[in-house]
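Going in written order, the chains are labelled A, B, C and D, and every chain counts its residues from 1.
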Amino acid sequence: MADIDEIIESLKRFRNDRDWEQFHNSKDLSIAISIEANELLELFLWKKAEDANIEKVKDELADIFAFAFLLADKYNWDVKEIVLEKIRKNGEKYPVEKSKGTAKKYDEL
Amino acid sequence: MADIDEIIESLKRFRNDRDWEQFHNSKDLSIAISIEANELLELFLWKKAEDANIEKVKDELADIFAFAFLLADKYNWDVKEIVLEKIRKNGEKYPVEKSKGTAKKYDEL
Amino acid sequence: MADIDEIIESLKRFRNDRDWEQFHNSKDLSIAISIEANELLELFLWKKAEDANIEKVKDELADIFAFAFLLADKYNWDVKEIVLEKIRKNGEKYPVEKSKGTAKKYDEL
Amino acid sequence: MADIDEIIESLKRFRNDRDWEQFHNSKDLSIAISIEANELLELFLWKKAEDANIEKVKDELADIFAFAFLLADKYNWDVKEIVLEKIRKNGEKYPVEKSKGTAKKYDEL
């Protein structure tokens, strides 16, 4: 089985064993991603990037992935497909010649 | 090449073509994930889950994955490994018999 | 002393007693507001609005206010002035006749 | 009228003129605060604190205050009271002698 399918299968087994699908509407899953992203962010608060606790960063990043994969699965999206499609769209918003070496947003380029 | 490796290679090519690695420290990548998570969340604001614009949900979720994969790559983590390891840990925090059918947090079980 | 000044004075005294101003640059204060906003949000996760723990909501909302007031003070902004000014601007983006009774964003009106 | 009351009255007039109270349940107001906090955060993304656009910082901070005041009003909380009460609680979690000059979280002190 492909890696992503295997991850999603494990997440769904965990969820179904606990009968949690009833709570996992897409609005609350999106809230969950934001919460996990901010638990990740807290590890960097008042600190330089390199001073965060790496083991905890790993844990929080895994939580973000978990809810993101569950949300993708909810809509039956192929994660590789949607990310590659987004890269293609971003290539139009951020053409290399304009965006190279600058962190400006596309509407300021 | 495995799906996840292919996604990450595409993201890094996009980033390197624009010389953006210099901006991608782990603190700002974490900020980026939170920002994208909230752009996703905005699609559900003042609405029921089912009333969100699905095409936009797809776009924002792809952005979250993009920064999450870049952050995983920064630390050389294998995404499948860290998510499966987190599922294992969560299995201890949320034993089936205690957590089945309830949305309570582990410290309230 | 006006209420807002009194709040800000108390926050600064707390901060200065601990010599924390050194950490309170505007980027990290903004991160702190996002983190506190998500601790608030967690109280509503997988739940209806009315099922959140109100005492905890109060605590987290107070934390958001604390960092928001400290950020306003950092730039010497008068909170009443900036909020009233924003209401005025929003009045232009959301004219009553177009926005009444609808939760649509201004760019969809 | 006290400053905070005046702010809240203005926010409620704006809201009521548009018949928006129906959307403003406490869960969505909390989501709104998180979204605004991340619009603020975006102004600092890939940047040093001092490189953010100050006029935009002011605008986004005002939005955070707006939703925070509306949420406080929803529960009939006195903002000065809840912030001062939280400072008192934080004084117990962060005693001066332990927390002076360190950005550590209370559970690591």
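Observations
Keep this in mind: a contact is a pair of C-beta atoms (placed from the backbone, for glycine too) under 8 Å apart; a residue touches a chain by one contact, two chains touch by 3 or more.
Note that the structure is predicted; figures quoted are calculated from it, not measured.
Chain pairs C-D and B-D differ in how many C-beta pairs are in contact, and the one with more is C-D.
Note: centroid distance subunit B to subunit D, computed from Cα atoms, is 26 Å. The distance from the centre of subunit C to the centre of subunit D, with each centre set as the mean of the Cα atoms, comes to 2 Å. Within subunit D, contacts with two or more other chains are made by residues 23, 28, 31, 34, 37-38, 41, 44-47, 103. If touching chains are joined by edges, the resulting network of the protein chains shown connects every chain directly with every other.
Those residues of subunit D whose C-beta lies close enough to touch subunit C in the complex are 2-4, 6-7, 10-11, 14, 17-20, 22-23, 25-28, 30-31, 33-34, 37-38, 40-41, 43-44, 47-50, 52, 54, 57-59, 61-66, 68-69, 71-72, 75, 77, 79-80, 82-87, 89-91, 94, 96, 99-101, 103.
Those residues of subunit A lying in contact with subunit D across their complex are 31, 34, 45-47, 103. Against subunit C, the residues of subunit A that register as touching in their complex are 23, 28, 31-32, 34-35, 37-39, 41-42, 44-46.
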